[in-house]
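These are the structures, in structure tokens.
In what comes next, chain A is part of two complexes: it sits with chain B in the first one and with chain C in the second one.
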Partner chain A sequence: MIAFLVRRILYAIPILIGVNVLTFLLFFIVNSPDDMARMQLGQKRVSDEAVVKWKQERGYDKPSFFDAQASGIRKITNTIFFEKSVPLFWFDFGRAEADGRDIAHEIRSRMWPSLAIALPVFIVGMLSYITFALLMAFFRATYIDIAGILLCIFAMSVSGLFYIIGGQYVISKLWNLVPISGYVGGLNAWKFLVLPVVIGIVGGVGASARWYRTIFIEEINRDYVRTARAKGLSEWRVLFRHVLHNAMIPILTGAVVAIPLLFLGSLITESFFSIPGLGSYTIDAISQQDFSVVRAMVFLGSVLYIIGLILTDISYTVADPRIRLQ
Partner chain B sequence: MNLPFKPVILTTDALIFVLFAVVAISAWYISRHQHLLAPWKKVARSRSGMIAAVILLVFVTVGLLDSLHFRPVLPGDAAVGKANYAVDVMSVFDVIAAPLKRKQEKTYSAPLSAYLFAKETVELPDGSEARVFPRLTYGGAHLKDPATEQTPDIVKRIVAGVAIAALAWNILLLCVTFWLSHRHGHSVRDTWSAIWKGHTEMPWREMLVTNGVVFLVFVPMMVLSAGYHVLGTDKVGQDVFYLTLKSIRTGLVIGTLTTLVMLPFALLLGILAGYLRGWVDDIIQYLYTTLNSIPGVLLIAASVLILQGVIDRHQDWFQTASERADARLFLLCMILGVTSWTGLCRLLRGESLKLRELDYIQAARAFGVSDYRIITRHILPNVMHIVLIAIVMDFSGLILAEAVLSYVGVGVDPTMNSFGTMINSARMEMARDPMVWWSLASAFAFMLLLVLSANLFADAVRDAFDPRIRGRLASPGFLSKYLPATPGR
Partner chain C sequence: MKGIITILALVLPASLGACSGPWNDPYPAQEAGKNILYSSFSERPKHLDPVQSYAENEAVFTAQIYMPPLQYHYLKRPYELTTLAATEVPKPTYYDAADRKLPETAGGAKVAYSVYEIHIQAGIMYQPHPAFAKDENGKYRYHQLKREDLKDVYELRDFKYTGTRELVADDYAFQIRRLAHPKLHSPIFGLISEYVVGLKDYAAKLQEATKAPSADGYLDLLQFPLDGVQVVDAHTYRIKLKGKYPQFVYWLAMPFFAPIPWEAERFYSQPGMSEGKNLSLDWYPVGTGAYMLTVNDPNRIMVMERNPNFAGEPYPSEGEDGDKAAGLLDDAGKMMPFIDKAVFSLEKESIPYWNKFLQGYYDASGITSDSFDQTVQITSSGDVTLADEMRKQDIVLQTSVATSVMYMGFNMIDPVVGGDSERTRKLRQAISIAVDQEEFISIFTNGRGIPGQGPIPPGIFGHREGLGEINPYVYDWVNSKPERKPIAFAKKLLAEAGYPNGIDKASGKPLVIYFDTTMSGVGGKSRIDWLTKQFQKIDLQLVVRNTDFNRFQDKIRKGTAQLFFFGWNADYPDPENFLFLLYGPQSRIKSGENAANYQNPEYDRMFERMQVMENGPERQALIDQMVEILRRDAPWVYMLYPKDYTLAHAWVYNRKPNKMANNGLKYQRIDPQLRQKKRAEWNHPVVWPIIVLLAVLALVLTPAVQSYRRRERAGGKLLPA
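On to the complex of A and B.
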């Protein structure tokens, strides 16, 4: 187990280096610091001095990969790549370009509101999708099942934006049940969280419940299920004890990988509901073209994804004792 | 020679024509091979699939008409000998819908209304001033007194529209019945009763009814459009019905071209990785794991922002504003394609790994057939069904993704008509009191219709070609790359 984990972590290193180099190429080569300065300072009528000054203040006036003028190790370290991209490895994200705030500090304070929405959506969502899918599987090939599938396809076809805009309109504006948007810290936050959480769950029901139903139906057609029925077990018992247990493996593959990514929050929901989480932080950075924040989020996202992959492998051993990690 | 117009082939137009040609050639090829035709016949027997196909066909027709672009000649200059062409790029669809495009009001007006939605200070005949809702320049302009005349006029137009729709539908019915009876050599009466009893092999009854409903909805809308704004007007007074129809092309382009762009990557790399294995496999796996590990929306956002910067810095590359907007649309397709090929690539790798161990490929290798030939002759045709399913299943997700991306501001050019830009510009209208709901509602309704029929059609195709692929392609993980709103997926 330990050896497996060490190997997986070692395997993650080249991937993270790849992500790092890729983001560097994207953010500094395709889009040179000069372009960045012009974007931040305003497209036209920017004097060259202003651009040089902007670059100097942020340390973007150095060579990209290799500084021929420096001596010794400074040849490598006195470059944009070393000073801006490499520190991402130890989560030193630097400062935002727009307002100069410390990105790492922002991330630490903003991940909690994000998590406050994403975690309930994930847990309650999973439970309700699985229940819904089990119901469809129980009534398989009847009109209830067909109606369920049609409902899923319909729900899948509705834009996520519609759920948010419609939900805000009906529940907050017409019925006045909860505030339209906003956030406060502490326990009173629930008022602001209920609606985004419910909408998050409703928005995901189509694709997920349908997918889980397919997994259940696949399991139901296996031999051990027939054996269980032949023993005289009730259909509910077969579904809950046998099918659900065995179907957990494919369900886990899709779900566990998403757990670490919950920290990143969701871009659209948070910006619609003005939740000060990482999702709205990213959206703001995108609209302000603040590349240092976007770069930090890209790197953080890949780290969390890789952690998710490792967690998935570990969860296999929990769900299925036959699988040994080596 | 001076043409009255100058054809313009935008990048996406060219690709759409290529796609159209590819589809036409494959259809011709498939129709001559029974074993390739068999699964398609299964699709044709699926009721929901064919109903969806009829609706999709309507959308595709609008999209294709909207892809034939040209620049009309400017009046007056023709005599000089050198024609000057307008800066505005028009499409054939614009010509058909010219009345809708021309009738621009001042600002918002409700569907079918004869009045503007905002009060204005008007000078009355007796010299005093009053704040009233002024009449629209075009919508209901033919009415003398809208309060009494409007409802009868609208009813009259709807009745006329329904009559035209019924007539057109009956002609269609006759054509289909005669064609079917001619093709199968049955009498017209037998064919007729077979259709209505649902005894035909293809679900003709359902298809014809769908067609009738489409006629029944759209023909009266068109008739009403002659005198009113059926779906109202937006902030700058443009007809919402026109904007919605224009958005269809953008959605279709994103849904199809993205897959077209990513297909070569996914096919080549996936098959190579699976077939050659070894270090090639390692490199390709590393490549897609790396790309996959970056959150999709962020990668797309970053790429779009950066390429938008490139476009802004090189305004001189583009002659017209629509060429620039089109370049951005094309780049968006490229970016979506490059960031989304990994899912299909992994599937193709798995399938090729499985195929290469099969006996007939082992036999081909024993005979000394080259790798190139084995891949093109034996592996490629046997993974095509996966490719096809991926294409149809991605389509709807991409249309939904466009709306989300345009909302974030990294979608299509803000000047380009699309469902995303419509929703984006309409989101502030919800806060107005009384609420301006119509542009938002039409964008969502048309998008729902398009995506729903695409989903139903994709289901039929998947069930016909490989029902077992269901979970693997439609897994929530695949969708979550585009839909950040639901972390639970």
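On to the complex of A and C.
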């Protein structure tokens, strides 16, 4: 197990380097350092001297990957890529270009609002989807199953944005039950979180419940289920203890990998509900051409995704004792 | 399951009901009924340091906090400068090269220097701030901090002590020096350094000084005097400008010329202040204005509260016609500000923002295109009125013409559409006729605009309107109103230009015009389609070169675009601020603001004369000639002067759109009791749909549960004993 984990972590290093190179290339294909400078300095009365100075102060006047003028190792180290990307490996994210704020501090403070939405959506959503899917599986080929499938297809066909706008309109504007948008810290946050959480859960029901239903139906037809029923176990026990347990591998594949990514928040939901999370932070950084924040968030996303994959592998061993990590 | 539903059905409404006021109120219950104005912002302000701040969304804050010498009169139109910190609007004194005083009417050529002497009011105090805090011995408490002293400090309020002091002329001089600070990148440095005596050299001197900074890295501007700014006494300072620059007085109404105390600069420059914590002037401004920023969490909320050291300012007693009838003079002479606190919440999307306005959670709002039809009705006579729903809520509509111009620019260095030949001039005129601004305004701006007749918008000296005041190259005056020239006339011009039926006589090929744009999405496509149709009317082919914002700006800078949409918001209400957009030396390829790269020596000469003239018949006559040249040469298709529509609830008083002044918060007054009453009325929670939903769910599940039980029982019977 330890050897497996060490191997996976070592594999992650070239992946992260690759991600960094790609982020760097893609960002600078679209935004040159001059563009970044002009974006930060404003569009009115920006002189060429101010652009040059801005780049000099932030090290964006250096060559991208290779400094032919420098000597020795500085040919590599005296470049934008090295100076901006390598510190990420020890989680030194630096400061945002737009406002000079410490990115690590921003991430630490913004991940909580993101989690406040993502975690309930994930946990309550998973439980609801699994229960709903088991219900459909249990009543397969009855009116409940058919109605459930139709509901899922309908839910899948509707745009996520519609749920947000429709939810805000109906629940907050017509029924006046909770605020349309906003956020406060602490326990009072609940009234701002109810709506995005409900919408997050409802918005995901179609695809998830359908997917779990398929897994459960496949599982329900297996011999061990027939045996369990033949033993006289209640259907409730058959489904929730045996079927669910045996269907865990495909469920874990999709679910565990998403757990670390919950920190990153949701781009659209946070924007519409004015939640100051990491999703809106990323969107703002992209629109403001803030390379420091973009590269930090992409790097963090990659690290969390890799962690998610490792956790998924570990979770297999918990769900199925036959699996060994070697 | 049933139990959980029952508990939820009982507990949730009960817990919500425990909150005082509506359930959907996004604000803390303790704020109910308080004298607080609620507004929003959609984008985090980048700069709050007045040396850098130039964007409108930043001025919403900086204009309330800082106190430049002058301000715009809140009610009078056309826009008029009046005093803020100054005791009077300064008049320049002119000198020739031999330092001899010249008369006020001296021509620009004779004037070697202008001197503005500014007297500021005594007794103006700064907001409470730790930078001013002193101990019992009179020493500054927080000017010698070490990094470890700031270990537990994250916000300004983490400093226990604050202090204040009187505003002095030195603070204005200090800020002007800051314009040249090598690390601050003031956007107006380039322009202002052309005028303020010695500012350019001063910047070079500071640049040198940064190479050998003091031990703590602080560049102490007090050690570097600036020739062009002289402090006469505690409340008087002089600014010496090269030549004559009458527009300079408008800059004195902008935060760029607001006072900054040296203590603040010293305080914020200490190690550990800005790194990671953003304890800087850009984040926590220090001013003498009516309000101070007390919460700066631009990810969520920004709060301004009444500056307790602000002595007050009387509400204006004069306005323009109709202001009295509109109730805008009801508070004449009363001391401002009226509002105790202003809360600005981050609201990125227009739909929730609009709905919250309708619920009464924002006091005022603009009108987005999405909500326009729901808000405004246009009568058959063209009058704009509020929709019935809005009237029911006693919402008030205010309209104003922005001091802006939107135009479609031709790149004048382009060989096809640019240049000073009769051929290209006629081609541009033909396109100007074909592009139907009235239709554009009607389709894409819901009628919120006035078709452009020239570069100067209404409300700015030099703009002419009324009988016959039209662009004669595009319009005819028919039946007492402007009428666009017929397409046949445009085609005739095109044929004269050498493109009969859109075919280039020289090459025999159709003439293709390239339009560079960043427009995208459904809205962008419809605009592009519309524009293509306009060109088709005169048999021209339009090829759209869609690109991203950076590439587009790059093309404009390099002068490689052919045709493009652009706009300009006035810095100050003077025709110079619009006519300079077509001044040759300002060409964009020379890093100026003349995006069309228009160059006409005759126009440039006139501009140089007009620039230094005082408003009057002579200046008007010269402007008329300049506008005539621009209409004839048609470097722009003068698209429109935008109109702004804003809405306010009935509990908001003294709101009058002022496109030049951003410090409108202190003038406004609200009735919090009426707001509270209306909010409660409009936001009564509706619970029955939830109960119905739960009931339906129970109804659907009951047969399922029964069926499950039946199955379980049946299964039991089948088992062998």
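Criterion: the second predicted complex is superposed on the first by the 310 of 326 C-alpha atoms of A that agree within 3 Å, B and C clash if a C-alpha of one lies under 4 Å from a C-alpha of the other, contacts with A are read in each partner's own complex, and residues count from 1 in each chain.
Quick note on the criterion: a residue touches a chain if its C-beta (ideal position, glycine included) is under 8 Å from a C-beta of that chain, and two chains touch if they have at least 3 such contacts.
On a predicted model such as this, the values are computed, not experimentally measured, just so you know.
J.: Putting chain B and chain C onto chain A via the overlay, clash or fit?
T.: Once both complexes are aligned on chain A, chain B and chain C clash.
J.: Could you say whether A:A50 touches chain B, chain C, both of them, or neither, answering first, second, both or neither?
T.: A:A50 contacts chain C only, not chain B.
J.: For A:L267, is the partner it touches chain B (first), chain C (second), both, or none of the two (neither)?
T.: first
J.: If we overlay the two complexes on their shared chain A, which of chain B and chain C does A:N31 touch? Say first, second, both or neither.
T.: Once the two structures are laid over each other on A, A:N31 reaches both partners.
J.: First (chain B), second (chain C), both or neither: which does A:S85 touch?
T.: A:S85 sits against neither chain B nor chain C.
J.: For A:M156, decide between first (touching chain B), second (touching chain C), both and neither.
T.: In the superposed model, A:M156 contacts chain B only, not chain C.
J.: Could you say whether A:I201 touches chain B, chain C, both of them, or neither, answering first, second, both or neither?
T.: In the superposition, A:I201 touches chain B alone.
J.: In the overlaid three-chain picture, which partner chain does A:I144 touch, first (chain B) or second (chain C), both, or neither?
T.: second
J.: In the superposed arrangement, does A:W175 touch chain B (first), chain C (second), both or neither?
T.: second
J.: When the two structures are overlaid on chain A, which partner does A:I165 contact: first (chain B), second (chain C), both, or neither?
T.: A:I165 sits against chain B and chain C alike.
J.: Chain B: which of 60-68, 78-86, 168-176 or 384-392 bumps into chain C?
T.: 78-86
J.: Between chain B and chain C, which residues of chain A are contacted by each of them?
T.: Correct list for chain A: 30-31, 35, 43, 165, 168-169, 173, 271, 289.
J.: Show me the residue ranges of chain A that touch chain C in the complex, using the header's touch definition.
T.: 30-32, 35, 38, 40-50, 53-54, 57, 95, 98-102, 104-105, 110, 135, 138-139, 142, 144, 147, 165, 168-169, 172-184, 188, 191-192, 229, 232, 234-235, 271-274, 276, 280-281, 284, 289
J.: Residue numbers of chain C touching chain A in their complex, please.
T.: Counting only chain C, the residues touching chain A are 16, 19, 22-26, 28, 44, 46, 54-55, 182-183, 185, 187-191, 274-278, 280, 282-283, 297-300, 345-349, 351-352, 355-356, 358-359, 361, 548, 550, 553-554, 591, 593, 683-687, 689-690, 700, 704, 707-708, 711-712, 715-716, 719.
J.: So in the complex, the part of chain A that touches chain B is made up of which residues?
T.: 14-15, 18-19, 22-23, 26-27, 30-31, 35, 39, 43, 118, 121-122, 125-126, 129, 153-154, 156-165, 168-169, 173, 199-201, 203-204, 207-208, 210-211, 214-215, 218, 250, 253-254, 257-258, 261-262, 264-269, 271, 279, 282-283, 286-287, 289, 291, 294-295, 297-298, 301-302, 305-306
J.: Okay, in this complex, where on chain B does chain A touch?
T.: 286, 289-295, 297-299, 301-303, 305-307, 309-310, 312-313, 396, 400, 403-404, 407-410, 419, 423, 427, 430, 440, 444, 447-448, 451-452, 454-456, 459, 470-471, 474-477, 479-480, 483-489
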